[in-house]
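I have placed the structure first, in the form of structure tokens, so that the comments after it can refer back to it.
Chain IDs A, B, C and D follow the sequence of writing; residue 1 opens each chain.
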Amino acid sequence: MRYEKKTFEKNPTSLSCVAILLLVVFAIVFGRAMYSGRNLSSMAFQMPEFGFVTLGMMLAFLLGGIDLSIIANANLSGILAAHVLTGQWLPFIPEGMKIPVAIIGAILVSAALGSFNGLLITRFGAPSLIATLGTMTLYAGIGMAITGGKSIVGFPEAFTKIGIASIAGVPIIFIMFIIVAFLMGLFLERSRLGRKIYLCGESPVASLFSGIHNDRIIFIVFTMIGVLAGLSGLTIISRVNSAKVGYGDAYLLQSLIVCVIGGINPLGGRGRTIGIVIAVILMQMLSSSFTIMQLSPYATKMIWGLMLVVVMGLTRESDRIRRVFRRISEKVGIAKKRKDC
Amino acid sequence: QGTGEAAGAAGDGTTKTVVMIVKQSDPWFDDMALGIEQLKKDTGMNVYVQVPASGDPSLQISIMENLIAQNVDAICIVPNDPKSLIPTIKKARDAGIIVVTHEAPDIAEYVDLDIEAFKGEEFGALFGEALGKALGGKGQYAGFVGGLTMTTHMEWYAAATQKIASDYPGMQNISKEPYEDSNSIDTAYSKTVEILKAYPNIKGFFDCSAHGVGISQALKDKGRTDLKVVSLAVPSMSSNYIKDGSMSTGFAWRPADAGYATAAAALMLINQETIGTGTDLHATGYENVTREGNIAYGFAPLEFTPENVDNYNF
Amino acid sequence: MLKRHNGITNTEMALFAIILIYSIVVGVVNSGFFNIDTQFDIIRSSSYVMVLAMGLLVVMLSGGIDISFMAMALFGSYTATKILVSTGSSSILLAFAISMGVGIGLGIINALLVSWLRLPPFIITLGTSNLFHGVMATFIGAKTYGGGRLPPSYSNFGSSTLFKVHTDIGDVGLSTSILFVLGAVLLTYFLIYRTTVGRGIVALGNSEEATKRIGYKPLLLRIVAYGYMGLLAGCAGMIYVCQVNAVYPDKMVGNELMVVAGVIIGGVSISGGKGRILGALLGIFIIYLLNSTLIFLGLTSSWNQLFVGAILIISVAVTSYQEKKKNQKHLIFNASI
Amino acid sequence: MNEEPLLEFKKINKYFTGVHALKNIDFRLDRGSVHCLAGENGSGKSTLVKIASGVYTPTNGTISLHGTTYEKLNPGIAMSQGVHVIYQDLSLFEHMSLAENIAISKIHRDEKFVRKSHIMAIAEKQISKIGVDLDLHATVRESSMGNRQIAAICRALAMDAKILFMDEPTTALTRQEVDRLLDIVVDLKRSGLSIVFISHKLDEILQVSDIITVFRDGNKVGDFPAGEMTAKKLSFYMTGKDVAYPKYQNSETKRQALLQVRNLKANKLSDISLDVNKGDIVGVVGLLGSGRSEFALSLFGLNPAKSGTITLNGRECTIANAQVAKEYGIALLPEDRSTQGLFLQKTVCENISSAMIDTLAEKRGFFDWRKERKIAEEGVKSMNIKTPSIATLIENLSGGNQQKAAIAKWIRTNPTILIMDSPTVGIDIGSKAEIYHVIQNLAGSGIGIILISDEVEEILTNCNKVVVFSNGKVSKTLSTSELHEAGIEKRLQELISLGARRKQYAEKA
């Protein structure tokens, strides 16, 4: 079946329109409940861990693939970091060095886990959907075997600070997320590797015949996804002060939804980081508003599903809608002119 | 239904908001929601329930964060993973919100109060005692929990096996670790079937999650009703099995009462009333709580028998 | 020199080999594995998934994918149960009919959306999966029906067997649900190999444009394929509910990807047009085999996932590598990641 | 000629958004004739076919079929009236057997249920009708292009076709297979079928047709009886000017070796040796499946050599992947323009720069947009690519211009060796001339060129050396002097078909 890639082209702009509209609607319906400083900061605290995951999923989407193992990776590297932080592993590390060792270790491990996905996809030719489905189970399984399913607690004070500290009211982790997203955008749109990622995602065969090393790119991208998972894992354990298998499992499907809403074409080669940032913010505002409205979890689920379908529908019909709008505005224009006469 | 008359009428006359965050949507917590509604009727306060979409701890955290931002007066919570909530609980309390937990004794020091239906080890010991009696103190047995991550289940499991080890030395646990039924009847069923094959001499099972009916069903299908099952039980799911004997004993406590008591305690704390040993939380089994540190224990275990199981509606 | 269609494919050979080797290992560790009842139990617990796999196979042959089948199964069986309980009826046939009817309706919604949106069906059905589940729980009901509230015909059906053998570890019976698996297999075989519509579905998965050109209507074919998935989902939902003898508003959903993995491991192409019944069944069987033999191997719960994940990755790697080598030989370059 | 026509178009117009694809076309097709459509890329031939088969509805005008007049057709009516089309892409089903591909339309029309024996019966009947031998059990994926083409024809015959449209059926075939196909076409005509045949190869058109209709820019230039037509006249009608292919001669006096291949062995190839000197255009000919494309892929690192040596500019090198090949200065214009050669849904600019991203960095390491645009603009200019702008999506360009963009993409990398696999397939004679011009200029500037082609004329025009492949081996090498001998065209044909006979023996054995 031939899918339409083109429809995604203009999405970031139409998305920002939707975003602005929703912001206004929220302001009218919830007023202070939504825009109080407290609520804004609460949202800013919740966004990063999910944001990193979604940036990772975006990278996979750009290649026309998918990564289902991101959350499992995040939790596993979080668990390893937790073991170091609590001194259960490598107890000889001096107290002051624990945090940097844990952070660097977690990032390295998550990169390795990500690159294992890359290996399965490139060396063994496994489709990313099932390769990462397998590693999702495996990584969660390793975490389970290490912890027996229990939470690991008791991190140094300084580490938990990272998750709750803010500068001038803005959470540090949120600033980190924005920086990472900015660098990601810069990387994708201004670097040579970024350009190759778009080309490879658009058509792996044509990219191979252009002398682009697809395998290397896929490997790098999945390693990068791993790093983002690691960042997410660290954010999580520092924010909740514990590490555990299965934390944030619900983020996986949400991140797929947010990627589509953010205008990333699941077929590869299309989409911009800014779309993801806007969509992550929207998602957070919506989920806050659901709590304010006391919606049942099922109603929430229904709304997400509906939103996904509606967004895809709008994107699909965007040309037709635009035409209708133009016709209406033309008619209005003509009516005005007549009045003028 | 919740038995008490108006618990802790509002001290200063304004409407207080108390939110109960449960683990997920299932009959157990549906019943708990009934208790909360009762409390709302009894007190006229804004007391309501928030239900996460699944058992993922991050969802509870996110709901809690949002509630903190909404500046509610008190948050009651039945944590999925108590320890992961600690920072958020701190944050809530820093914001002046009362936090009362249920089924989370191990993080009691971080909250205003933890309400327990009973002491975990006492409740767990009931399982061990019941199974020991049912088997006549002899034979192999296996224990299930919902998930290895579920602290209360693990505590009951430990207490039950300890009880058996000390009081019924003729019984052997076939596994060092509990089996997981993943909180699902079909997993309990298939694990049971496998255990039957791998350990043909097994005589009894106990399950700390309410999905032990899967074990009973498996034994029925295999024609092995001579084996005994002791399980946490929800009458709506287990009554048939208790009545036909394929489940020897079912234990529970009444979720509606527990919810009522937890939220009522939160209201009292908002009004700066103290809760100590002997305080009445106006719910069956919690008329006379025992306070130890930050935990208030009621004594509200229920034991279902073929005769009484139909009296319960949850 | 050329492979014929009725032979056995390399993937299937590899799966047989994996199953064989694995079975031997398990059997050596614990000879109880070779008892006939082990096979019977795997059949019982995997039967509803086998039925689902047949529907998924047809959808994947049409060049699509559907991950909303669990939501459809839940929607169908929940609605049927609710109607039965509220009317006081205990006809299991009626329950199946309602459940399958609901499934068809939902499947057709999927078909329409897939045809209209022209985006990957994985994402579309992810949306409808959430949507269906949400709609069901919000508008139909979110209460659990435990065994005590269900018509007794449920548990009678769920634990019925074709025949029973008495052994020293208890009664061993072949669950009636195998009839449903056989029925689904035969029906699917008939649909995809013996009907014109079915060949159209396979053709659609090969090339939509070409299918249109020989006069088929892709929309119609999709409606049949996704509708068939819905029908089998409704059926599988009832099988599951009867076996478990309880209806929850939130069970089944969440296990979709394992079924998809099984079918793909079985050699069904995610790009459509290629796939066989035997392969799909073997793929599902492998996953169930892994899941249900841990206790034989003496593994405790915390090793469960690690073990399943590792074997899953091995089979993914082996089958994908075969395909890759074949493509390399024919100089076919992979067009998807 | 006063017999009622089978199919008649009157004053047909077809507009697409912004394109007037057919302008007031009158067209009639008589019973039992082969009617050729000729014209440059984008002149409206395929559009006419699609209107006749009911896929497109004309903007205005009428169509009569067997005497009935229609405002518009739909595929159902057209098919039931015996109008069948073999499209350029054949529309076969990759994972299904040839037998089923042949029978599927008929079964879809006539039956509700399918039996394997019935499928085989239908397929066998059709192949015996046209008297060829096919492995009916093989899937399309496993079959050669020629057999695929035959399966597509059988499919139409199985539907009792009265009018058969064949849109560029010969693009992917070698001479032998083309001859077999043309024989079939003539047989079909004798049996009473009317055939509309589209091709860019003038010799085929002249050989097979009774009547030739020439299109230019959506206008009909005229209908011409084939007997009165010559290649020269035909190309004049199509392009409006005289098209002459310049003949190439290597003017390099010193023989400086650029590429030496010795005893190369790889997947589907064995024992290949070949030399490319500075300024050489080496033609590579052979049957389909003789391994020419595999050889190209080998040099480009996509079908890595298992043994043998490749020497580039005097340096022995191992080409393990395409990136290495690119670094060594080897460029490949692939066989399949739309999936391998181009990113159809990217812009002209992005396509032209796609092979040289690594060189497009500014000082700080960022991707250099300005340089990219400059390169793309130069590419468009030097290759004379007709495009509204470099920001146009490449899929909106005509075939010839797409191909020129694909060539531009590689020329910008300054390759040492440029391998062109069938560069003029499906490309009209005008663009062809331009591409020949480019090829010869490149060779003149010192790039070594390997030209894979199925057209002997193309080879003789452009090459100063020819290598004949058969069964994955080099069966013959022709030097410049041999290429100047009289009767070389015939000899080359024979050399190629020798491979065919050998292959047949090999398969029988």
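Criterion: a residue touches a chain if its C-beta (ideal position, glycine included) is under 8 Å from a C-beta of that chain, and two chains touch if they have at least 3 such contacts.
The structure displayed is predicted, hence computed values, not measured ones.
A.B. asks: Hop distance check: subunit A to subunit C, minimum number of steps through touching chains?
C.D. replies: Steps on the shortest route: 1.
A.B. asks: Need the CA-centroid distance for the pair subunit A / subunit B, whole Å please.
C.D. replies: Using C-alpha averages as centres, the distance is 35 Å.
A.B. asks: Please tell me the distance, in whole Å, between the geometric centres of subunit C and subunit D computed from their C-alpha atoms.
C.D. replies: 44
A.B. asks: Using mean CA coordinates as chain centres, what's the gap between subunit B and subunit D in Å?
C.D. replies: 73
A.B. asks: Using the touch definition from the top, which residues of subunit D touch two or more other chains?
C.D. replies: Where subunit D meets two or more other chains at a single residue, that happens at 302, 339-340.
A.B. asks: Of all residues in subunit B, which are in touch with two or more distinct other chains?
C.D. replies: Correct list: 24-25, 54, 148, 177.
A.B. asks: Give the residues of subunit C that touch two or more other chains, as numbers and ranges in rising order.
C.D. replies: Touching at least two other chains: 137, 142, 209, 249, 301-302, 304, 333, 335.
A.B. asks: Which two-chain combinations touch?
C.D. replies: So, checking each combination of chains, I get A-B, A-C, A-D, B-C, C-D as the touching pairs.
A.B. asks: Which of the residues in subunit D come into contact with subunit A in the complex?
C.D. replies: 300, 302, 321-323, 325-326, 332, 334, 339-346, 350, 354-355, 357-358, 360-361, 365-367, 393, 409
A.B. asks: Show which residues of subunit C lie in contact with subunit B when the two form their complex.
C.D. replies: Spelled out, the residues of subunit C in touch with subunit B are 30, 32-33, 35, 37-38, 41, 45, 137, 142-149, 155, 159, 164, 166, 168-173, 240, 243-246, 248-251, 254, 291-296, 298, 300-302, 304.
A.B. asks: Can you list the subunit A residues touching subunit D in their complex?
C.D. replies: Going through subunit A, the ones touching subunit D are 5-6, 190-192, 194-196, 199, 202-203, 205-213, 269.
A.B. asks: Write out the stretch or stretches of subunit C touching subunit A in their complex.
C.D. replies: 63-64, 113, 116-120, 122-124, 126-138, 142, 204, 208-209, 249, 257, 260-261, 264-265, 270, 272, 301-310, 312-313, 316-317, 320-321, 323-324, 327, 333-337
A.B. asks: Write out the stretch or stretches of subunit A touching subunit C in their complex.
C.D. replies: Listed in rising order, the residues are 1-4, 63-66, 68, 120-121, 124-131, 133-142, 144-145, 147-149, 201, 203-205, 208, 218, 253, 256-257, 260, 266-268, 296, 298-306, 308-309, 312-313, 316.
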